[in-house]
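You will see chain A twice below: alongside chain B first, and alongside chain C after that.
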Partner chain A sequence: MATIITKEQQEKEKMVTLVSSDSEKFVVEQKVAEKSHVIKMVMNCCGIESPIPVRRVKGDILKSILEYCEKHSKGEAQEVMEKWDKEYMDKAEKDLVFFHDLMLASHFLHIQELVDLIAVTFAGMLKMKSPEEIRQKFNINNDLTKEQEEHIMTTFGWAFQPI
Partner chain B sequence: MVPEDCLMEILQWLPAKTLCKLKTVSKTFLKLISDPFIQTLHANHVKTGISIINITRSTTFEIIPIDHDVFSIPTESLLFLTKYSRKIMATLRGLIVFKSSLNDFRVLNPFTKNFSIISPPPGMLMHYMVLGLRSINDKDYEMICAINKISKSSGNPALEFWRYLSGDMSWEYLAEVDSIVRCIVLHLAVFLSGFVFWPVSFRLNITDGEYQGIVFDIERRRLESVLLPEEFSRVRIRQIELSFTAWPDGSLCMIQNKKKERRIVIWLMRSPFSSQMEWIKVHEINLRDFGLKGKPSCHTMIRDELLVFSTNNSVRVYSFYEHSVKKVGRFKESQRDFVIPYVGTFLPCGKVEQSIMSME
Partner chain C sequence: MKKKKKHALISKKPAEKKKPVIINEDIVTEILLRLPTKSIFKFKCISKTWLKIITDPWFANAYKSFNAVLPVFAGCFCVSPKNHELIFHPLKHCLESPSMNTLPLNLQDLSISSILSSNGLLLLCTTDGRKMVCNPVTGRRLMIPKMKDNTEWYHAFGLIHEKDNHVKVVFAYKLATDDSQTALFLSDLSLDNKPVTRKELEPGKDWLEMLTKWQCRTKNIEFRVYCSKKNEWNQKRLVSKFPCYVCFDPDQMAGVPIGDNLYWITVDGEVLVYNNMIKSEASMTELIGAPAAIKTLDAITIYCSGNEILLYCARDVIMKNVVIIWELMSDQKSWALLRFSVSENKFHLLRQGVDQLRCMSKSSITGTT
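So, the complex of A and B:
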């Protein structure tokens, strides 16, 4: 006798629960969670019945990441996605700490599309800045010796010139 | 604050010029940017950002930046180019191939100030042309060359094809094909996954002519024709200019320059390698809409979304996304000029590199 599975049950079976480091629970579709290579591997070996702990990622970051994964699992037109990605990044880069955590989490969860998107956005932030401005903005200590710095300045002098 | 592997991901997206500047941020930056690994990663993301203008008549070169932050060539490189180059033959991700005054090929990376010398194929005469250049992997490239000659067996005009592999530093004979095609205009040809496409024109009478597309299949070593839309079968030859280029998704792209009407039409062939060849008109630019006078010439696709052309001695860039035209520079002379895409990369120009400083 064939078992009848209702549509709701089917849908339900595809859901997975993720738990952030601060014990916040997120119930998402399996195909959304699969965007993360790491979670996909966990689901493949342990199944989706029990909640999956994402210990290194805080709730607000995980929420934002899942928002990204959900949008990107819908298969919408490229132009729509590009516009959405841009808005998503515009919002994220306003808060540097949040942006930084988002980058680490996307690395940790291995979501290559998001890693690239963040890297390109981050690169854009560095692009128009001088080395001094970058040190200030990201709180980096200049540990080069005077000789090293002078050597770079003379070898690549033309790179420091405006056109 | 940012772990090194994350930083690596970020840095590979920056233009080469910016990277050189950022070497002075800290020891970590210096170490990462000097790493050959990041330099090959970097080459994968390089988008053509600026262009070199080759003025063949007086053999001087001018650089017109399209993206200001990307642009920069050490002056020594430009001097080297002016001194030794007779003609720029091809460019590839920051490498420039030119025919030197000593009649050999030189591959120059203007950014790293290195070059390598390639002797012409064995027994080659003067009339050779580089048809295309393609990256094989992060370090090596292949170059396809064609020579116009008279076939020894048939006595007819023929084209001889050779391939140079930078990894082996050697030439490979590909084929000799009978050909009525006398002339290959290098900047009109395109190298697309194992095929070289270029347009040719034949005169039917004084004013009229016909355009045809030719493709050389490197694997099968054959010359075949490419079907063109019907309107190219009888055209006023002086009023139409045709060039092939690659669309970002790998389709074959044809740029039709209707000089008299001052329109540039973009055609795409989605599957150039199948038997069903069909051209689709995807874009039409009416220069009158932008108040431009004069006949457009020398168009090049730069980056995915920009078309570079010139009118009235000005170099202009058209953006497909914004439908806008921007003036980026001027030509010194009006004829025979053409625009060659260039962008700074760290790619090696061959297995044996020399520094241009050693030539002084």
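So, the complex of A and C:
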């Protein structure tokens, strides 16, 4: 869980307030917020006194992202982190819309580690699927012409066969 | 400051859980970069957007640098007879090749009589007797100048890469047709559906004469080497004299290059080696005996494995589904039996690659761009 830190703690650490698109406020340590390259740049140029709006990211997503950033700013042993990452991904990938938005937000906030983690999980999820299954999953309209599709299917026939 | 993003963030409202995801292009790219090549080819036919992302040259580059290993390129090109497009058939699907397309060869300006390949490059022969080396990736061509008293018809060919993008092109000619009588045993010759003997061949019929010449064995083979760096043919005659008769396999004229060596399979199942570096004529070429009695083998072919070792593949004459593979040992004389039974499918692909075109490539496609 993203820690929403009390005022007493806030005085000890350098704290920064982030505001999501639906006006939810999150108070986190500066080193946690720094995990995002974009927020780091904002803090560098505008300081941390006033709240930083994260207008493109909704509260539930931001909460999840900050949870990740906080865990990853502690510098724990690699095995612990890997285990934690796996559990984090298992939970997130259950809801595809949430998972997609999580990736989009981490991409937007420039948290490369998290983008990597999600993309690898995503790739594993899609790898064995057929094009039709992917289209259904993401509601993609097949706008290729019959000829184009046939050309791809015949030229790269090997890609469509099971190994 | 925050950057304006091109793509709108698609966020769901908690109430409408069932709203389908509309996947963002940046996200698609990030995911594709982490997928194996096979999936990428497969996903080309999802939609125009996915196709656009995958065929963008930027993506191929990003994919290559992202995956950090130079792709090992094991497979064969086949030329489609219809439109001269090169189609790549990888032997292992999980290999990462950044080549996401077939390669148009654009040979419309030439009248091609044959295409052979060696070491990732193609040798084009035109009907008017010109020869050129062509890089199928960049489309660049290198014209080989005509050599004095050069017979148009060579019996084998091979290509060796040199420094600074230069090549050495080796042509092998059978010198004397000492054993012309054996020619007719090698293949059934027929004319108007009747078997013919050598005596019946009309002297004027060029192609029959040619065919006979082709199938004759010889003890003397001349090598002519064109070096693109000096832009000239070798001055000294390089003739190899063998203790026994040799005949190149007409289906496998293109040599298999490994390091400084070129290997050809002969119709008797032996392997002829030509070493580019050895200057003395006596040891420049050598014959390596077949690993097993030729009569028990069928569909013999040689190719280079990924780790630069010559492999000798054949099928058992009796048990057709058993494929046998030998590996050439470092003494360049003896063979080690590697393993039995490759699936029939893959073996056909191998044969197809060597027979029909012709191109077994071990070089990376990006290495030549």
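Definition applied: the second predicted complex is superposed on the first by the 150 of 163 C-alpha atoms of A that agree within 3 Å, B and C clash if a C-alpha of one lies under 4 Å from a C-alpha of the other, contacts with A are read in each partner's own complex, and residues count from 1 in each chain.
The working rule: a contact is a pair of C-beta atoms (placed from the backbone, for glycine too) under 8 Å apart; a residue touches a chain by one contact, two chains touch by 3 or more.
Since the model is a prediction, treat every value here as computed from it, not as a measurement.
In this superposed model built on chain A, chain B and chain C take up the same space, so to speak, and clash. Using the contact criterion defined above for the overlaid structures, shared-chain residue A:144 touches chain B and also reaches chain C. In the superposed model, A:84 lies in contact with neither chain B nor chain C. In the superposed three-chain model, the partner touching more residues of chain A is C, compared with the other of chain B and chain C. By the document's definition of touching, both partners, chain B and chain C, reach A:115. Note on the superposed arrangement: chain B collides with the chain C stretch 332-340, while the other options among 188-196, 242-250 or 332-340 stay free of clashes. Residue overlap on chain A between its contacts with chain B in one complex and with chain C in the other: 100, 103-104, 107, 115, 119-120, 122-123, 126-128, 130-131, 134-135, 138-144, 148-149, 152-153, 156, 158-160, 163. Within the complex formed with chain B, the residues of chain A that make contact are 100, 103-104, 107, 115-116, 119-120, 122-123, 126-128, 130-131, 134-135, 138-144, 148-149, 152-153, 156, 158-161, 163. Taken in their complex, chain A has these residues touching chain C: 21, 38, 41-42, 45, 55-58, 60-61, 95-98, 100-101, 103-105, 107-108, 115, 119-120, 122-123, 126-128, 130-131, 134-135, 137-144, 148-149, 152-153, 155-156, 158-160, 163. By the touch criterion given at the top, residues 1-3, 5, 9-12, 14, 17, 19-24, 26-27, 30-36, 38-39, 41-51, 87, 89-90, 93-94, 102 of chain C touch chain A in their complex. Residues of chain B that touch chain A in their complex: 1-3, 5-6, 9-15, 17-18, 20-27, 30, 65, 68-69, 71-75.
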